[in-house]
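Consider the two complexes below, in which subunit A is the common component and subunit B and subunit C are the respective partners.
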Partner chain A sequence: MNHFNLPLRFYVGAMVFFMLAPILVIVAVAFTPSEFASFPPRGVSLRWFEKVLNDPTFVGALWNSLRLGLVSTLLASVITVPATVFLVRHKPPGARALQTFMLSPLSLPTIILAVGLLFLNAKMGLGSSFWSLVAGHTVIVVPYIMRTVFAVYSSANAEIEHAAAVHGASPFAVFRHVTLPLLKPGLLAGAIFGFLMSFDEVSVALLLSDPKTVTLPVSILSYLVHNSDPAVAAVSTIQIAIAVGTLLILERLFGVRNLMFSSR
Partner chain B sequence: MNLPSPSRSAGHLAIRSLSKHYHDQHAVNNITLDIHPGEFVALLGPSGCGKTTLLRCIAGLVQPTGGDILIDGQSIAHRPVHQRGFGMVFQSYALFPHMSVVDNVAFSLRMRGEAKEKAREQAVEALRMVQMAPLAHRMPSQLSGGQQQRVALARAVVARPRLLLLDEPFSALDAKLREAMQLEVRELQRQLKVTTIFVTHDQSEAMVTADRIAVLNAGRVEQFDTPVASYDRPASLFVADFIGKMNRLTGRVQQTRNGQPIVQFEGVDGEASGTTSTRLSVDQAVMGVLRPERTRLAPADHSDGPGIPGVVREVIFVGERLAIFVDTPSGSLVATEQNSTSGAFARLQSGDAVRLEWAESDLLLFPVQ
Partner chain C sequence: MRQGDIVEAVQNPAMDSPGPTIHAPSWRGAVRWLLLLPVVLVLVVFFIGPVVFNLVESLRLPNGGFGFDAYRRILTDAYFFEVGLQTLTLAAVVTVVCLVLGYPFAYAVARSSGTIKALLIFVLVAPLLVNVVVRSYGWMIVMGGGGLLDTASRALGLPAVNLMYSWLGIVIALVHVLLPFMVLSIASTLEAVDLNIEDAASVMGATPLQALWHVTIPMSIEGVVTGCIITFTLTVGSFVTVMLLGDNSTMVLPLLIYQRLTTVGDWGAAAALGIVLLVVVMSLLGLQAAFRRRKAGTA
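The block that comes next holds the complex of A and B.
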């Protein structure tokens, strides 16, 4: 892989540039000292970070997003892990169809899901905006966890679980001491990606949140409608930092490449 | 060996009319076996004969369709797998990849509620028996296949099971290591006096290790006997073919004389008789089978009892023995002879005319449909 020829180098360079440029602009603008967003920035200042972190709307929204992401991911894990274990090991009739069904939110535009949830919520609401959001985001997170857990678990040797059972482990002990550790890398990778998806999600959050449960992306969106100062860039930078931070942890612990691209 | 936990009761295994059907396929078809305490029994057969299904029924990993399994007189057919208290070694080793070697071995003790430190001490003791104690703190992925299988063996015996189940444990190892492991398992089994069931498709492996061999074919037991008896007195044509090598002669019963069938074999000059355990009627088609080491080479003009003329195709050295392949009217037959100092057989060349002969008692007759 050492001999990239010139056109290939150029191609890769252009791709990286177009992927990173918008993000770099946002981060750069966030450090602007001036009143208005301008690029390239003149000087470096943390004033917009200070403003954002002292703004109860943004801070509240950040907490809402973290809470929503964590609860949705946890709920999705609790639903997905037993379902996937059952699908892989017992292969019930229609397993393939069931798996496709659980993965389907991946290929469905979230705005459609959001509109559907809005109507459903009006008819038979959960009564609380937060739990409605959790319901919506759980649906979005499930396929991410399912994909990685399925990939890791279906390549694991079933005899390892048989060995545990023969040597005295009850079905629950087999799950706790053997199955769960076996699929842990897949679960963690899927959970972190799922969390990031929830953290980043706009459509469902926009339609189902109320003033108390506004999430960070929604608050950024509504701030942008009336303002154009670099505060938005600062809050976006914080969001990017959280996403990159989690990805780095994931990479350090398990190697994202192996997990995401081992496919299903 | 002093494994701290006390040895449990004997370990007499009785299998009663056991069956396992999948849809319309009889994987295990009405098998009855009695296995004595401390006995080493091999379940031998080709793939798909039901030996692995039978082992899994005993382990509790497969629920039989009918029949019963008793250990020391107690039925365990409906006891959940984790309450049977057996040890098992799998073909794929199946070590827990996220646990160290010592924790792998300590697993069954921990599941029985043993304290962590005590379980580890016993695990190290078991690892010592398989010469793996120095690697107790490695992870399974850091071990070779042979080492992993030793750990799996230690894991299976650490809790002093009443029954040790081995599911083709050595088939993934290379030939030399496989032979060494066979002897080692045999020795360990003798020391522990644990009733052992060993599934294999390799007849020589079964001969080396087992006290008795159950030869399985199409879900049934063809013969359950000692290795020597199975070799010398196979109960069926299938067993004769599966254990060791056999020369085959096809023929038809001409008449019976004093209850002895007189058979005309294809290509054999004169009428011949043989040993049979079944009653053969006149005109019955039979197969005569003969061990290569009981097949004697004689000069072409020799004529003493039944024999078949032939031409030497090739002579192959198998170390201390010679295998002489001979083309006969009845197909290619092989005779093995000692590679003696006189070198008489080594001087045979392809194209030489010879005659193959045998003693009447060495030719085994089986009816064919």
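The block that comes next holds the complex of A and C.
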């Protein structure tokens, strides 16, 4: 970049501005003291944050989103890790096909998953709204965990596990004390990324949530349909802070580039 | 469980250690397959299941039998056809804009290093984690009547600007959503292109534009194709942005599915439209797979 010519530098600057503009605008509006969203804001105030944090609708939705993300990510990790370990270490026949199968939820438009789950729910009944949301989000999170665990575990040295087994460790002890620590960075990165995907998901949440399980994005969406006061900007700023904070943690742990470049 | 492998590895040093073949007792081999069971079960029930239910619902007739009525209905209805066409056109426009805007950006990402590179990638990835609903709201403030652009334009004595409920506004917001996917997939192949080849081209007398057109772009074609297909499939499936920034005149397939389902309760049409969308996405992915195979075949 340092040796780029002036037009390219100018262009990149403009693109950076384009990428950041809507986000910066929201953050600026969140601090506005006036009754409606105006830009540039006249003065600085925390009144909209105060309103939002005292509004049970938004606080409840934030709580629902966190709970849904955590449960789905945990569930997806528990089912994905053993399968991925098996695929990497034992290379069973059809391993590639199985891997593709586990990654394929990435390619399905979530609206189809959402509508299908709705039909499934109507015909068979998945119980509560919360558990049907968990079902949908677990499917969405599985590929993210599979991908990073697969990458990290493939490059780990199998000899260490062999050594533990030779010295008499039971299969479970090998898994608990050797395999799990080996794949931990991949699991952590995949779980954080998967959690963010669940936290961000709209289609499934929109179609399957009820007033008690409504998630943060859906509550912002339905609020936006009727209002556009700066309260939305304040909630959005909280959402942005959570997302960017998590991204920074992820970068520390794993390097975001590695996640994105292998994406889809 | 690994002892058998080790013994064999010691006896047979030629054996490749990272991927040992398993000669454990056969019941153990069978038991290992159980490790796959939970994830496969969950995906079959909650991923394949919904698609199958979608298909069944699209074929169900009001009288309880099965047939292609819903498909006949959506394929002969002028409105549904128009929405389908609009969806594909929108996706094509967004893809082309992302490619044209994204290629130079990807070049800059691939050819920069250190802090600047990290910053450029952060700028691309950070918006991905900001919810689409939130980003659409940001664009409403920027592009709507009384918004940022409008105020600026009026202050300069120019006509009022309101891009809400227009295709232009939707394209801008969607490009913002999808540009990172395009840039990152092009940048990943550009990084693998040897800079020396570009230099060689210019040493041999190629102008920068010639070097770009004949050397750099052909060598990054795989990233371009992947980026285009990802962008196109994601645009075809996205509906929140269109829902918030558009109105009934800017209808797209996923939004129509949602509407059929929630406001009209027309399950048959919603399901059939879902299957049409699925077929579009799957054929694009098939195209990409075919391209990859051809690429691998010629390499």
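Everything that follows uses one rule, which is that the second predicted complex is superposed on the first by the 249 of 264 C-alpha atoms of A that agree within 3 Å, B and C clash if a C-alpha of one lies under 4 Å from a C-alpha of the other, contacts with A are read in each partner's own complex, and residues count from 1 in each chain.
Here is the rule we go by: a contact is a pair of C-beta atoms (placed from the backbone, for glycine too) under 8 Å apart; a residue touches a chain by one contact, two chains touch by 3 or more.
Worth saying up front: this structure is predicted, and the values here are computed from it rather than measured.
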Partner chain in contact with A:A173 - subunit B first, subunit C second, else both or neither: first
Touching partner for A:I79 - first (subunit B), second (subunit C), both, neither: second
Partner chain(s) touched by A:L182 [first = subunit B, second = subunit C, both, neither]: first
Dominant toucher of subunit A (residue count), subunit B or subunit C: C
Contacts of A:V25 with subunit B and subunit C, given as first, second, both or neither: second
Touched partner set for A:T110, first subunit B, second subunit C, both or neither: second
Which of subunit B and subunit C A:K212 touches, first, second, both or neither: neither
Which superposed partner A:H162 touches (first subunit B, second subunit C, both, neither): both
Set of subunit A residues, in rising order, touched by both subunit B and subunit C: 157, 159, 162, 165-166, 171, 174
Residues of subunit B defined as touching subunit A within the complex: 59-61, 80-88, 90-92, 94-98, 107-108, 111-112, 152, 155-156, 159, 165
Parts of subunit A lying in touch with subunit C, wherever the complex brings them together: 1-2, 4, 8, 11-12, 15-16, 18-23, 25-26, 29, 37-39, 78-80, 82-83, 85-87, 90-92, 98, 101-102, 104-105, 107-113, 115-120, 123, 135-136, 138-139, 142, 157-159, 161-162, 165-166, 171, 174, 196, 200, 202-203, 206-207, 216-217, 220-221, 224, 228, 232-233, 236, 239-240, 243-244, 246-247, 251, 256-257, 260-261, 263-264
Of subunit A, residues touching subunit B in the complex: 157, 159-160, 162-171, 173-174, 177-178, 181-182, 184
Subunit A contact footprint on subunit C (complex, rising order): 1-3, 5-6, 9, 17-20, 22, 32-33, 35-36, 38-40, 42-43, 45-47, 49-54, 56-57, 101, 104-105, 107-108, 111-113, 116-117, 120-127, 129-142, 146-148, 151, 176, 179-181, 184-185, 187-188, 230, 233, 236-237, 239-240, 243-244, 254, 257-258, 261-262, 267, 270-271, 274, 277-278, 281, 285
